[in-house]
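Look for chain A in each of the two complexes below; its partner is chain B in the first and chain C in the second.
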Partner chain A sequence: MRINPWSAVLLLGVPVAFLIIFFIVPFGTVAVTSFRMPDGGWSAANYEKIATDAYYWGALYLTFKIALWVTLIVLLVGYPLAYTITYNVRNPLLRRFIYIVIVTPLFTSSIVRAFGWLVLLGRKGMVNETLMSLELIDKPLQILFTEGGIVIGMAYIMLPFMVLTVASILQNINTSLLEAARDLGAHPVVAFLKVTFPLSLPGVIAGSLIVFTLSVSAYVTPSILSGGKKTVMSMLIYQQYAATLNFPFGATLAVALLVSTLLLIAGYLLVIERHAKG
Partner chain B sequence: MAGDLIEIVGLVKRYGAVAALDGVSINVRQGEFLALLGPSGCGKTTLLRSIAGFVEPTEGQVRIGGKVINDVPPHERPVNTVFQNYALFPHMTVADNVAFGPRRKGTPKAEVAKQVADVLAMVGMDGYGERYPRQLSGGQQQRIALARAIVNQPQVLLLDEPLGALDLKLRKRMQVELKRLHGQLGITFIYVTHDQEEALAMADRIAVMNQGKIAQIGTGQDIYRAPNSRYVADFIGEANLIECTVKNGRLDLGGVTLPYDVAGAGARATLMIRPEDIHLGAPPSDGAPVVLKATVRDKVFLGSAWRVYAALPSVQEIAAHAASGDAVDHVAKGGAIELWWPRDRGRVLAQ
Partner chain C sequence: MRLSDSLGRASLFGISILALIFLAFPLLVVIGISFTTTEYLRFPPVGMTWKWYARFFHDASFVESLITSAKLALSATAGALVLGVPAGLVLARKRFPGRQAISALFLSPLVLPTIVLGVAILQYASTMGFARTFWALFVGHVVLVMPYVMRTTLASLSGFDVAQEEAAQDLGATPLKTFFLVTLPQIKPGVIAGALFAFIISWIDVEVAVFNSTPELITIPVKMFNYIQFNVDPIIAAVSAITIYVAIVAVLLIDVTVGVEKATTRRE
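Right, the complex of A and B next:
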């Protein structure tokens, strides 16, 4: 197909312009600011501070730890859910209904949903009350304001992204491939492991990347569910900008978070590519 | 008949109110090449899939080697399928695709490699083991799908329109190869197709299906020469279906009595004659041919023969397939001609 050069300029230009205006320029400003000193000079002292202070390494570690747990849990819950919707729900109306149920929370403010978890997970919350009344525990569990509480709340918010991504890939796997596997002597479990799952990997990879990056940068949920007892990077950045008003240091934290996230993702993709080739 | 490899007894499959299979009974002999022939929606694929185990019959039984296999899951059935769209695993090489079945049986590695190499050679695809399906042409993919099925040495090979996606020339060549392979392997083939020529060219027996039922089953010649209904006559080959009335127990065509006894057939009957059985010109004196006068409506040159469309006394049209020769070369449009056919080539069909 031949494209008129002018329409090509338009087609490419609009997104490029959008990206420049809303991402490159602001991020460039942030990056430049991170080298600014209170006295008006330029220095990498902020980076030195982060690199040498274990507190920031700890926050970075916690951020990635929570994001990894969230990704793992969302994958373990979301994949079977996507699989069930795709293969076991035959009724198209019911399937649409389930999709709506999954997507609806996205329309609700994450502040509201985080407060919902406060109510559910609290000492007198529904979870503890239920466990107590079943006599599974004798005193309330401390779930709120722990890493576990943050992970639970974030996993719930991230679930739709994984389900939708995986389901869209599963839907495109030709069912005759599964029949072929069964026909060639594969037990349903083997057919899943040898055919369905490998073919759904692009969805798993895309879904986990989306969930991981969103979790790394999440602010509202961790700050509400941590009760100030746990600090992730987004909370530190916010503190610097909104409370301490140390814009250069906030910028440095933001750049450090972005670079380390990109490094992790690049490593992840590299491993996958190696694996796919080998 | 006892001793047949596959016995299908009273098979019914209903989807809601619709019966995809409506009481199918059929026996297939060991080593036979059976074609299931019919238009789309006739139930042929449903029948094939119930033998493979992908369709659970509402009623009836599928037996293989005397054993009822209704409740045996697909992966434990002694059958393998060549799927319509090949269904090759896109994430596996050709060799891994073919090795999929043997590996499930726990065949030792070296043995698997040998089986794969042998079967790829058999379908003329040796040396393609390391390629991926997307790197192959449609015809090559077809061969791999075939190899992947026969490497398991199934008792029955099920083929679901395996040549449907290939161009005509390749299809003709694959027909010959499949037929040869069938002879070599001695495996029972059940072959679903909507292409009557393909069924005639390949199958030992053809089961013509219509609306979930078997309309007729027999050798290609049986079905072509002696169809038992208008439906079969029309579906297999070309047929002139001449509507006649019945007078005094004989066929009557616009006042001309035709020498076919139809006592008890009701007030109307259909006479079927294949175009190639109709001759133009003076009938021979022996053999009591059926002779009709007609008017030429059209004449089409086909190369080796002429196709002549002629109007009968009853205003119906009849097509004749006449080898080039004096009689037909000089027939003119609008001219009067005499048609005849050997009496036994006409068949009276029930309504």
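Right, the complex of A and C next:
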């Protein structure tokens, strides 16, 4: 469509102005506040406090550790599922049904999903009772309020993102390449490792980035499934803003989380790029 | 077929089926508990009762937060459509310097931590004097859901034959008329899918709403979040189940309009 320049400026300008006013400026406010002191002065003391206190390093470490485990598990479970629906489910109705099963949890609040796990993982929950009736364990396992419990609950939240991202790449792979490899006598596993998997790497990379960033900033799941016994960064940020009401320190924690996440992602992308070239 | 082939295939299917059960089971558990006759959470449920749903609907504060959530999700979706669709149109049809940067700006709320958006809106609204009002929730949610509208709008516009719009304009239609008579009818499924995504993202959000709520102005997920810290009883299962039913309806609507598979795996 031909749009005259003045209308274009208006049609694009209003939404851009909206985002500047209600998105960029608020984020800027957080960044600026992180350098504020209670007496109204300016200083980097908040950053110094985080950098020198082992407690905050511990929270940051736990945040990234959980996010890494979640990313790894979700990749190992999500990739085979994406592969199966893309290549092995031919029946369109079954396919639709499977997609509905994958997407519905995504459309449900993380509270509801954490609540489901709260019930399943408890000492008298179904998971423990099943394991005990199978006589695999003789007393209930403590899963809730541990790192493992948080990882299970978060992997559950993140799985659809990985499946959908990988599936969207797998759909676009030219299957004739795979057929050629098979025709030339490649073992299916070899064909997968040499043809399909390398071609699906963009999906694996994009999916793990999405899952990792979402896991790092997740708040609801860790706060419900940790029972307050484990602390990740998002919970600290919440405490500062909602309980302690120390906005500047909360802002500093938020900036620290944001910057360290971006640094890790940049490092990850750099390694991948090196690898692709080498 | 060789033995290793069928073994590989069987384990692939095995993992996939387990993954699907893993995805569906917690939601089925929540729905199951919401019908238990016991006073405590129990799965499998004992007996069958609607009393937890009745208790929910008799609790004015729950119903009120359900209405707040619905109002917020509807208005944030409308706001994101009014701002996002025209912007998407210009981005898809005009070539100008900085176009890529502006597209990135529209999609960036997607990758930044939602909890930081929540505190940013709280701080900003405090300075501007509208902290913890419906407007603070509204602007936060418009920012939050805009990328979803933008993504599907841009995707539908890029697969669109521009010649039709040009023909309409050559025949004397105004740009506005061209948009409503030629463009919109064709990108409608994509826009509807984007709107449904936007609605649901606002509907389930905790991270933005939790910082901008008051005991009177509270969305249903935040209300549930606060409730769950102190009480765990089947009422919360009933509320959860209601939100799951809304999710199922939204997914089915997307499936009818554009197809769930297409809406969730299409690349721009």
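What to note about this one:
In this text, the second predicted complex is superposed on the first by the 256 of 278 C-alpha atoms of A that agree within 3 Å, B and C clash if a C-alpha of one lies under 4 Å from a C-alpha of the other, contacts with A are read in each partner's own complex, and residues count from 1 in each chain.
Assume a contact is a pair of C-beta atoms (placed from the backbone, for glycine too) under 8 Å apart; a residue touches a chain by one contact, two chains touch by 3 or more.
Every value quoted in this text rests on a predicted model; they were computed, and no experiment measured them.
Looking at the shared chain after the overlay, A:154 reaches neither chain B nor chain C. Of the two partner chains, chain C is the only one that A:107 touches; chain B does not reach it. When the shared chain is aligned, chain B comes close enough to touch A:177, but chain C does not. In the superposed model, A:195 lies in contact with chain B only, and not with chain C.
Look at A:167: by the touch rule set out above, it reaches chain C but stays clear of chain B.
Taking chain B and chain C in turn and counting the residues of chain A each one touches, the greater count comes from C. Using the contact criterion defined above for the overlaid structures, shared-chain residue A:186 touches chain B, although it does not reach chain C. Judged by the document's definition of touching, chain A residues 187-188 lie at the interface with chain B and also at the interface with chain C. By the touch rule above, chain A contacts chain C in their complex via residues 1-4, 7-8, 11-12, 14-16, 18-19, 22-23, 25-27, 29-30, 33, 77-78, 80-81, 83-85, 88, 95-96, 98-105, 107-113, 115-120, 126, 156, 159-160, 163-164, 167-169, 171-172, 187-189, 210, 213, 216-217, 219-220, 224, 234, 237-238, 241-242, 247, 250-251, 254, 257-258, 261.
By the touch rule above, chain B contacts chain A in their complex via residues 52-54, 73-76, 79-81, 83-85, 87-91, 100-101, 104-105, 148-149, 152.
In the complex of the two chains, the chain A residues touching chain B come out as 174, 176-177, 179-188, 190-191, 194-195, 198-199. For chain C in complex with chain A, the residues that touch the partner chain are 4-5, 8-9, 12-13, 15-16, 18-20, 22-27, 29-30, 33, 41, 43, 83-84, 86-87, 89-91, 93-94, 102, 105-106, 109, 111-117, 119-124, 127, 139-140, 142-143, 146, 162, 165-166, 169, 175, 178-179, 183, 200, 203-204, 206-207, 210-211, 221, 224-225, 228, 232, 236-237, 240, 243-244, 246-248, 250-252, 254-255, 259-261, 264-267.
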